[in-house]
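Please go over the structures that come below.
Here chain A shows up in two complexes: once beside chain B, once beside chain C.
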Partner chain A sequence: MTEGNAQHPDRDGSPPDQEPATGSGDGSRPWIRADGQAKATGQARYTADLTFPGLAHARLLLAGRAHARITRLDPTRARTLPGVLAILTQADVPDLRYGSFDYVLDRTLFARDVVRFEGEVVAAVAALTPEQAAAAVAAIEVEYEDLPPILDVEGALRPESPLVHPDIDGYAHDPNLDPSGNVAGRSTIVKGDAAAALAGAAVVVRERYVADMAHPVPIEPHSVTADWSGDRVTIYSSTQVPFTARGKTAEVLQIPEHRIRVVVTHLGGGFGGKCDFHFEGHVAALARAARRPVRLVLSRHEEFIAPDKVTHAMVVDLETGVAEDGTILARRSRILLDCGAYASDTPVLGQIAAMMIAGPYRIPDVDIEAISVYTNRTPAGSVRAPTGPQACWAVEQHHDVLATRVGLDPVEFRRRNLVHDGDEGPTRQRHEGDGAIDTLNAAADRIRADGPLGPGEAIGVASGWWFSAPGASGAFVRIESDGSGRIVTGAQENGTGAVMALPILAAEELGMRPEDFAITYQDTDTGPYDGGSSGSQTTFNNGRAVVEAAREVRRQLLELASVQLEASVADLELRDGHAGVVGSPDRRVSIADLASTAHDGALLLARGSGLPPENPEHDASACVGRLGFESFASPTFFCHAVRVHVDPATGIVRTRKVVAATDVGRVLNAPGATGQMTGGVVMALGNATMEGTVFGADGRQRNASLLDYKLLTTADAPEIEVVFVEHPASNGGPRGSKGVGEPPIVPTAAAVANAIASVTGTRVRRLPMTPERVWRAVTTGDDGATEANAPFGPSEAALAAAGIGRR
Partner chain B sequence: MTERFAAPTSLEEALAILGRDRAARPVAGGTDLVVASRQGRRPLPESIVAIDRIAELAHHAVADGSLVLGGLTTHAWLAETPEVRSGWTALADASAIVGSPATRGTGTIGGNLMNASPAAETTAPLVVFGANVMLRAIGRGSRIVPVASLATGPGRTSAAPDELLTTVVVPAPDPMSGSAYIRLEYRRAMEIAVVGAAALVTLAGDGTIAAARIALTAVAPTIVRAPEAEIALVGAAADAAAFRAAGAAAAGAASPIDDVRASADYRRAMLAVVVARTVAAAVARARGESIPIPASRWAHGQEV
Partner chain C sequence: MPELLQLTVDGLPLSAMVDPGRTLLRVLRDDFGRTGTKEGCDDSECGACMVLVDGLPVNSCSYLALQAAGRAITTVEGLARDETLHPLQRAFLEGGGIQCGFCTPGMLISAAALLARDPDPSEEAIRDGLAGNLCRCTGYQPIVQAVQRAAAEMRAAT
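Take a look at the complex of A and B:
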């Protein structure tokens, strides 16, 4: 694409004006998403593809060091360089502190006095060419006084530790949190008296598991273009959360929200890395100062270090007591989450981690604590199923260890302890359906049906749960004068196909075909509010909104038809593009004719939003740090079973087959749901054995490139068998559906870990389970998890190493 | 930033540009040059001579038993051609695992050698086969350089700036021989060897090892021979004990580095494993047994 070929995204074939492709209307036949062809053929335009007359180019000055005081910052000379239009620092924007989720208001748009992680933005340049912008960034005079980087979450909790935020006591914060020292937040999930129950347990197992940070790595790096017209700015952004991006831009630049329009063209993947507000504020401020449209596109290196959305490095200590028959009696756990330099949404994710450590198991007494700890690393946040994979990886290995200790097969151990319909959860919510057991049985049966194991092979299983996320969301549905339909939604399509599948829901309500609908989306000026493509919530919430709007249009259509057909509304149905009298095939009128009539009077036009489902009843009176996840709404249950080969001489692990069994409530579109499961498993396998961020002692990332940060390739993907178990949720999304996007990434690494332990006879307690770590565990017994400060006394592994057995 | 770009269609023209423009750098597939530039490791050269349209560099043939390859021979051709797969199997093993299908279709053997990466896949096989390259410059004709002495360090070769690699000549191995190249890989595509080894083993009539050449990838600044491992093999029975002894000898003599991809002690331990498995594969092939190409797919999980 060439400069000067200025095209507005509204008219260049991109969203927000998308014509769906062919498919079916009843939701039971496969619906092929409309945006696939444009993406596969290269016609889809992404944010960085958009051109504008006079477009200028942005570049960020990043700290390049983990922790330092800025002793001098002077852009004077850089401002004189050729082509430079604007250079901004914190001195040039409203000097206010914000929090990207308002849990702790701990950050500023640009660094003020101190940089707290390698990718922190110190200044931003707009220039006529990218080269001139780079030259200006290099010419900004900045001097630092390095401070000791705080990199170890346990060390950061010691009283003598230096602080990431020495002024934390003055920061505004959520009233349910009490940030102090290096602790951004603390949440507990408590039921009964775990200490007493543990004292009476026949078998108690204590262990530590340690997970490294990992990256979401979308193919498309972050990209933002801002274009002012008078006092209004349009921001084209590769964001998963356009309304959040708009709201935070308004907050940090002190502009009313209605003067900001956020538009997303096609999004090249996000995986949570594009949740939150990132660079929209910087670029909008630059464009205002430069008096031109300004575009920022992160390089791949910057994409690794700068966006504050990575998975949490975690230290998980677990202590579980079981009866001799394997019944779980009690669990204690402490989870340390490395939230990095800024709190972002980590405090609430800690609460989710605690719920994940409890899991969908019957545990009478629970005492789980999650502490979000500041360090000088990249801020972590809501990457696909945030904290879920690490927590599940830890606790599901722990369950295999427990099973071995009581002499039970791992599947039987789970069968005895997983929740059934009517059982209570960790805060006494009542579970619905037998999804946990059914998925376990399905996955275990299918993997065993796969034939005998070869040499070096073993099976591993892991179960878990994940929430659906009720939230506000809106949509409009209207019928045009020719009888075609349009959905106008605030929802964001991040590649999952959730928005692209909305026509299925509208079509079903209206007796039309999905291909009769176009979708207008990803534009905050046009669509009503939606929380964005995060938390597996798009179909769950926006699907409900579309159904509600479509039902109102249905009512409008039936009223019109009632007059034309001289029949009672109660006797009418919408079917095959017509309104007709039930049982009288000749008495019908087409929706096109009704729409034509409507365009002489009251339009066929409706909105939907409705109240989100409430969380299930629960008792969280013993819990602190309550941020809304004291119970899990319409939880998804799942079990993955894997067949894995381990080469003990090299530590190389090859996953040969994965059975992913999931209770998603109700499958609305099989290709979409299957695609989410398949992609999730592949991503999870990369997290299991390869993807982990390596930091130097200076707090800088050592593998911030696609050469050294390895993702799984297609050539490595195993056979994946997807199994759906359907127990519709009584308080769920459309037709009892539950969230689908995040669950498949949660249990795979845990299942692989259990298979590794089964093949090698030793356990790897460090994620990712790289070949070198597996090899080291096999050859030296070193499980990779250090445990100098385990809160409940020495772990199983340490006791075993010391020759002390526990019983 | 690149200021000059030429795309000659004849060798003479290309050599003339390289002779008069000291900043000129040849590019064939561009798979290393462009990636290095995009990653910010090395800017694109000031002057680029694209040699991919020069027909005189695109030949490949078996002549007098030797494999004669123009510098533009692609990895894909080497991986797929029956004569290479049967006669110079280690070279096919290596070519089949370079990068991705796109890299193999675009990347060339000349580029792979002149890029002089310590982790280059095709170099170790060419070293054990005793291959030579022809370097040609305007006004000086051609000279022959053994592949083993072409690279002088990471990214550095003994070629002069105006010299172009025109041809690679790979002699025919002994009839009673077999060869293999195996790398330790964390994933199956878009991968670079953590460590790798090529072996060319000739069996005596009694089944013992008559001759062995072994070269190692990614354990030194250049691809190196492993004489300790070769000595351990010659005269030995071709069995697992000998393969392991060769691995141990290679590992004992190597001094690999610690980096973000692997620790030095893991690399050393893996060198022992990879060398043993590579020799095992080469011996199996010398015996006429079928080992799949690429052998790296077969290797991991083998008992040796």
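Take a look at the complex of A and C:
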């Protein structure tokens, strides 16, 4: 961003690329994130803070109904209102169908003929003021013929169901998928003969678990500003994936990628909600039509309904057979994922869900099917560890049920079945290390050491795994003339600190301090490609790129030093900011002096972009819908143990303590990794007991505000003890590290669920496990899995069953 | 009809003609360029917009600008003195209390208000005092610890 910085409006603030990092990765010195001071002082500018001369304001016309045919759409009168600069509909942009991922090309930028969910964009307005834009949106003449909303994934699979996409047979799609009817995709994970093995098992348990949709809720709502200069557009966006945003903007507006620059100044959290392509195309088109910079900022209500990124509502049927000693013999499962109105990345997430239902367990015979089902609800997608928390919540409760059936303690049941080093996975990948067992033992020991349980308290545990995500990623490293360093990367910082920690890696290679490096990042014109802050991949992939570039700079420095010190490169080392002869403390030259020399000749400048690690060897020959997750690369293993209090009279669940034990391969930045754990656990606890989207029968969200959709506050959050286990991955990220950002959200709800069952003797098979649902399960035995997606609150039937009349 | 608003923001006397329907948040951000204060929900639920009005914390998204006439406003941008960070800012920075940073301005303001009325708060008092500020990144634990540390430092300094 420095070289291309002339247009950067953040210059007089505190540009994200100017702050040095400090501290160390092992926690021995405080690690101070490079963007921290700007954020602590209010100088850090987020997308909605940027302003430009002549800035105009955008507002979207959203459908406001779940399923309808547009019978009339006429912005003529609205265009005449004061201050209106442009109004766009699908008639004003290239009329092409795209997929926000390329699994199914099922959508258009603006609605064409039919709206398929409440938040679908019908039109967009740019006006001189936000008030004028709102008035113009209200004045757009639009009429609908309502169609029956399809809201039930099982109903959507019946042959007589109406279709969300009647033209689906004509849609282009991934060759590994066969979308038809209301099915966007189907994937299986199959090994051996599960049916035969189940027939021979001593104990077979069949269960159903149902999860509601939930929201990522970053505190910063989406914001996009587009600013054209000739045939080039700069898009400032609150995106986690700048290169994806650029690529899709190019595709839908039919502009070459090199004419589009996507810049993220600072990003106010994402949690997956800002992955994918959202509003960059709409705003770029508006700014071109308005011939001014245009800014869109979503309201919190819009943030709930419009950015089609929520967690998947899921229906999970499970059937597992075990031997009398508790050894798991076989598993059969069907997972229905509600992908909402558009497929997005749900098909591949279905495959991931199937892998999660298998889990890090030794199961000889596996037959798991995941079906991505279209409905007229908000499209779901890659929210933090997509499908992981729901799948783990289902299968880890299932494991406790199995343990009870064979008379084993839940920890002992897991100990007998979790994978060890060398065991094979659901598609015969070979596991490395004993991370699954070690995290179980650590979590169980620590929670038991927390003192005796009080009345109404119980312990719950849950284990699991999550993949690392190998992918292409690039970085440049260079040394400036004064010996200071700079990392130029395509990676995106979403708050986790993953990009902020890159200097730790470069500094280690070059014998420098992290604070010697500045970072230029999240600007598609400047940094090489990166997949964005998604899939816990930043350190895993971009970390490798930075290390590779730094090693090349190291080679350059040592060559220069070998001339100046008249020594062989083999005898030289980089330490404390100097190149020196090993064992001869006086024969050394500073990196600053070498850099000064280099600036009279060949510069100290290198790139890193190695081939990503390959997935482990496996056998997926029996699986269909193969989209790349037939095996899990360098999986992170974890176990959470919780201590929970349940009040059976109210159904209120209080989690008092969480131990989060995780095998992250290698801890590269202890404070950063710990922050991911504590944050992930609290988000997971919200998902466990509070956060679920309620839909009305009309298919509209009924709790689309923070007044009704509650997050945990400081006062609700428990004590969290973080334990790291280190089994470096042979084919992992830097120094054997594995993904860190997503794993902590996966097992917490499952552990809480198991504790609830321990206290109450009753299972809650509906997520979130709200007080009403817990109360109903305790009072009536209704586990919620057959409950229609209606209310937070007891149904008439539940009240009647409990002998409570409703006046 | 717009009315004249005169007030002090982070020590600086400022004035603007303000429509009676506009919020303090909008005027701070749009008229005075104090974008350090964030809008997260416009509903008094997330606390990202919190500022001090004559020393008391308010959600500026739900506070009319003209109500602030003649008052002294402190935003996150007014916490640091010259080049020196406020002890809370330093503690957040060093203790992992900042990730994405979007809740940080409001969180710091709430913490400053808490320590002004209770220089030695218990952990429970800190958790209650910050319960109006949502954070989705940190799990709160590092923030609570940072407030404890800053409180100790501020007590030692007086």
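Here is the rule we go by: the second predicted complex is superposed on the first by the 762 of 807 C-alpha atoms of A that agree within 3 Å, B and C clash if a C-alpha of one lies under 4 Å from a C-alpha of the other, contacts with A are read in each partner's own complex, and residues count from 1 in each chain.
Here is the rule we go by: contacts are C-beta pairs under 8 Å (C-beta built on N, C-alpha and C of every residue); 3 or more make two chains touch, one makes a residue touch a chain.
The shown structure was predicted, so the numbers you read here are calculated from the model rather than taken from an experiment.
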First (chain B), second (chain C), both or neither touched by A:Ser299: both
Touching partner for A:Asn703 - first (chain B), second (chain C), both, neither: first
First (chain B), second (chain C), both or neither touched by A:Ala715: both
Chain B versus chain C as contact partner of A:Gly679, first or second or both or neither: second
Comparison of chain B and chain C by chain A residues contacted: C
First, second, both or neither for A:Ile652, with chain B first and chain C second: first
First (chain B), second (chain C), both or neither touched by A:Tyr46: second
Which superposed partner A:Leu668 touches (first chain B, second chain C, both, neither): neither
Contacts on chain A seen with chain B and repeated with chain C across the two complexes: 299-300, 705, 707, 712-715
Residue ranges of chain B touching chain A (in the complex, touch as defined): 1, 38-40, 100, 184, 186-192, 260-263, 266, 269-270, 273, 300-301
Sites on chain A touched by chain C in the complex: 30-33, 35-46, 48-49, 217-221, 266-271, 297, 299-300, 494-497, 671-672, 674-675, 677-683, 705-707, 711-715, 717, 719-720
Chain B-facing residues of chain A, complex: 131, 299-301, 455-456, 645, 647, 649-650, 652, 654, 689-690, 694, 702-703, 705, 707-708, 710, 712-716, 770-772, 775-776, 779
Residues of chain C defined as touching chain A within the complex: 29, 34-43, 45-46, 48, 75-77, 79-80, 85, 89-90, 92-96, 98-105, 108, 126-128, 130-144
